Amino acid sequence: MGTNFFGGKRDAWLLVIGMFVAVLVFALFTSDFNLSSFAITLVSGLFQGMLLFLVASGLSLVFGLMDILNFAQGAYFMVGAYLAYDLQHATGVFNITEAVPDPNIRFIIGVLVALFVGAVLGWVLERWLLRPLYDRPLFQLVLTFGVSIIMLEGIRNIWNTTPYSWTDLFAIREAEFTLFGQAFSMYRLFVIGIGILLIIGIALLLRRTRLGIIVRAGVEDPEMVSALGINVRVVFTLVFTLGCAVAAFGGAIAAPFLGATISLGSTFLIQAIAVIVLGGLGSYEGTAVGSIIVGLALAAMQQFSIGVNIPVLATITPMLLLVIVLLVRPQGLFGEAR
Amino acid sequence: MSDNILEVRDIHTFIGQFHILEGVSVSVPSGAITVLLGRNGAGKTTTLRSIMGLNQVTQGDISYMNGSLVGKNAHKIAQLGIGYVPEHRAIFKELSVRENLQIAARKKGDLENNLDFVFELFPDLKRLIELPGGNLSGGQQQMLAIARALVPDNGLLLIDEPSEGLAPIIIQQLIAAIRTLAANKTVLLVEQNFRVASLLADYFVIIDDGHSVASGSMADLHKEHELVQRYLGVA
Amino acid sequence: MAQTRPISANAPARSANAQNVSFVASLRENWLYWLILIVLVLFPFIIGWLSGDSPFGTPRGDRMVMRGESVYAQSVLINIFALSVLVMSYNLMFGFTGVISFGHALFFGLGGYLMGIILEFGGMDPNIGLIVALVVVLVVTGILGFIVGIVSLRLRGIYFAIFTLAIAEMGWLFFRGLSITNGEDGLNVASLPEWLDPARNRIMVYYVGLALFVLTFVLIRRLVNSPVGSVFQAIRENEERAQVLGYNTLHYKLFSITVAGMLAGLAGMLLAIMNKEARPEILNVSVTVDALLMTIIGGVGTFTGPVIGASGLHLLDTFLREAVVTIGPITIDIGERWTLILGFIFVLVVLIFPYGMVGTWQRLRMRFKRSK
Amino acid sequence: MSDVILQAKNLRKEFGGLVAVSDVSLDIQQGSLHSIIGPNGAGKTTFFNLISGKYRPTSGQVIFQGHDITHMPLHQRIHKGMGRSFQITNIFPNLTVLENVRLAVQAISDKTFNFWRSAAYFDGFIERATYVLSLVGLEKEINLPANLLPHGGKRKLELAMLLAPDPAILLLDEPTAGMASEQVPELIDTINAVRQQENKTIVMIEHNMNVVMGISDRISVMNMGEMLAEGSPSEIAGNSVVQEVYLGQLYDDVDEMAARGGPA
């Protein structure tokens, strides 16, 4: 991975740099070389990229390690969003506005509860439903899909189908900052910051800790890891739980911007799948880089599609990018050629 | 036979629908090197994998230091002190040599205590320590695979085809290393190459078509020309 | 995926000189299929007789739409036909050839949309429009299947699956945003020929649907039992070995994908006729996922599995959606929780039937036979 | 040398800098049984993969019946009359024995791309398949799913699939690998019978020296990716270089070293 930064993966990195340059040039072009609208594109792109990463990172780690494409990942994102919304606002199921009058603290509580619930639900799914199916990968796919339906319906039954938009503001959601003369909500910066911290955090976890070494080894050859005396199944459960928790966490911190809606999960899931395949399945750096590229491209395309008045252009961007990358590099950016 | 550290009794193993082992028995005396001989596809590798818990044994028993291994998960078996060096090495290519060794440590101090011995045995590894495993040559990977099994305090090593695809000069080094490490470990070896096997092993078991068909001391095997020709095809 | 592979679907080969008695033989061998066919042909009349409603429907309301028990039952079956054809076509590619695609919805949806666009904007006589639509759907889905196949079959396994997903998602997003087809609201298909208008002549739509269903079933059965079909299965079992035998496996996979795509297009046409509209949902990935799930639940690589999976789930869907169950003091509105129940059904079937319903049944029967 | 059926010219294959086969040339005479021997890792299987088309050579040429087939894809070589077996048993496990062979017969027929007619067209295929199965002695097992055959039976099935399209040359990769020793003579008889009845050219990799010495017309010896020697069985048995490299020298210094008690 990082040890030979430009070693075996030189082609991939060259391609990545090329794509970055192309996307940024395109963004400059769509903003008519106006720095303040370029800044909008940049911030919005990074923001969307980080949200994508929050769903994609878990998906990618789980796929790399266990060969499971977790179709329920989007539902975990949604659970996080709904929980955070509910705990923040007086409407909904749990009303803690009187017990905790400070909206900032309520937000923190919401995020933590989302993280915790995501972890618990992730643990249940892996430990009790997926584990009996380890030698039947196709059925694992069906199962995660069934679980995503159950979770979606659960949400529908608890919170009904009306979309919630976030109304209860708190400190960083209100604050603003200025870039090239353009004012932005501080909250975008906050999400970007969280995303960057998470990218670095997971990278450090993978590089520096014993668990990380085991996970990276497990991606290559889980059987050999177990033959070295390590209980790989426990590691599987741990990583799966972590992936679901991060997705729910992502939903929670996305909610102040995106609100909580029924279609949130499927949109992010499909885009996240596009990201991890584009980045190369099983490659963490591919997922990180892919998230940012797709996020930036999305923002630039959004800008562009407003200009030409073809809104479809923006929504198909992640898919289009994926198709192009796979045609150029069938194994994705950082995937291993077979 | 209390001085046999490992006793495999009449095991049967399926891989999918294929009945691979149809009655294999192997006794491994402690402190010695035992070799499994036999031709390609005879079931030697499956025997090692069955001992290690990587293939499910459906019948028969495997006892290690008087406890049964049958039905145990691979990681539990490894924790009992059995080191496994698989066919084709199974080095983690993305991990550095150091990380490949680190991951094998089962408790604090494993790596520190045994690293000197490992470097003494395979001095090459010392200078390659920060390189990704995938960048090593075949011989170096084989050394790393054996070194990895030496990091924890294993009493028994299962080594599958150490000489496969290696140049003679490397094979020489490996033979010397395995002999050195066997001074205080028990080794069960799979070796296709009869010459290498003769140089290493004290005892042999011949496996043919999923059955163990002969066993004894290696010194005696050299007199059994008929046996050698029949099962091993060596003139 | 070895565990989902069925025992060879090939019937034992019969010798050629037995061909004149083969009809009788096939009657004896396939009596259950013939029986089901007869029941399906008579179905509108049986329901009509049982319920007392006319099988052709009774005009009601100011728009004089044909209604009645029999007509309603027919519409349930028409939906099942369309769904079964879709799932059978998916199974041809996935179950018999071993190609996993996540983009099947594209072909299904294009069938509906192309027909709708031709009928609504073509300005042709509806009968001619329908024939033109049929030809265009077959040609476009065929060519598209071929192109998607040729471009993407060099991708392996999951990369191919996700590539097809991306293509299909773009199709969905495109039609969802396309204003001439009313975007998310969908395109109304009002210009159907009178004889095939489900509001007036439901029974004709029923027989057209039945014909498509039977044709697809027979086509797939013959195809799979033909020389080409045995190569499909060889590819599923061991593609490299098939190459080494001297087969250009790319050709066969392309053929399988193309035929599957065309059949899915026809299924989409049928559904659009029945609903008199084409909505973007028919292009959504959930259509593909449904086809995949119904195949797996019914039995991958079996002839009847997809039909059983499709009809079973659709029937459950239809009847449980409005059901209210009262057990003692507890009243459960199943309809409200139907999708939730569906989710549980997926989970349970996966845990209980390791080879799908038909696959598990076949295996049990084989084991029983062998032990006898 | 007009009756050379297969010719390898300076074949070379590198895997990421590692030379697996180093400029190997070889002529195979029409109708001969030519064995390739050598220690593990000598590059025999890689060489086979180059001839049969599984790998593309880094450089060099393969000439078959006068045509350059170096870049011909796998499936076309079958139609040109080349058949190849595998070290690992490679069959269609869930299809019947007959289906396995029938597919092999069908592969070279012009009726291959028929997707409607069923029974009628299968007849000719089945006739040939049954004949080939009787040739290898599997006539009783034709309706068994292939994965239920014992190991020796699977190797015979492989041989039958190989013979089915009536190839001009057979490439056998360790045909006796993994067979019970009692079954080996039977397989050798089968190979000999096939060779005489059907007048095939056979190229074979084999470990079992008895087999090799007993039935080969020519033997080539490979070592470390290079072709070391070629000759009749008696020439090879008497060749001192071969003796040294394949059977002796490689390990003589190992013996020596062992005697000294460690590497220098």
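Think of it as A, B, C and D in the order they're written, each chain with its own count starting at 1.
Assume a residue touches a chain if its C-beta (ideal position, glycine included) is under 8 Å from a C-beta of that chain, and two chains touch if they have at least 3 such contacts.
These figures come from a predicted structure and were not determined experimentally.
Shared contact partners of chain B and chain D, listed by label: none present. Taking the CA centroid of chain A as reference, the farthest chain centroid is that of D. When the C-beta pairs in contact are tallied for A-B and for C-D, the bigger tally goes to C-D. One simple way to say how far apart two chains are is to compare their mean CA positions; for chain B and chain C this gives 53 Å. Between the CA-based centres of chain C and chain D the separation comes to 45 Å, rounded to the whole angstrom. Shared interface positions of chain A, defined as residues touching 2 or more other chains, are absent. Across the assembly, chain B contributes residues 16 that each touch 2 or more other chains. Among the residues of chain D, those touching two or more other chains are numbered 93. If each chain is drawn as a node and touching chains are joined, the picture is one closed loop, every chain linked to exactly two others. You'll find the chains touch as A-B, A-C, B-D, C-D. Contacts from chain B toward chain D in the complex involve residues 16-18, 39-42, 138, 163-168, 171-173, 175-176, 179-180, 192-193, 195-196, 199, 208-210, 229-231, 233-235. The touching residues of chain C, counted against chain A in their complex, run 1, 3-4, 151-152, 154-156, 158-159, 162-163, 165-167, 169-170, 173-174, 176-178, 285, 289, 292-293, 296-297, 300, 336-337, 339-340, 342-347, 350-351, 354. Those residues of chain A that touch chain B in the complex are listed here as 1, 3-4, 8, 210, 213-214, 216-217, 219-221, 223-232. Contact residues on chain D toward chain C in their complex (touch as defined above): 52, 73-79, 84, 90-96, 99, 102-104, 106-108, 111-123, 125-126, 143, 145, 161, 165. By the touch criterion stated above, chain B contacts chain A in their complex at residues 52, 54, 73-75, 78-79, 84, 86, 90, 92-96, 99, 102-104, 106, 130, 132, 134, 148, 152.
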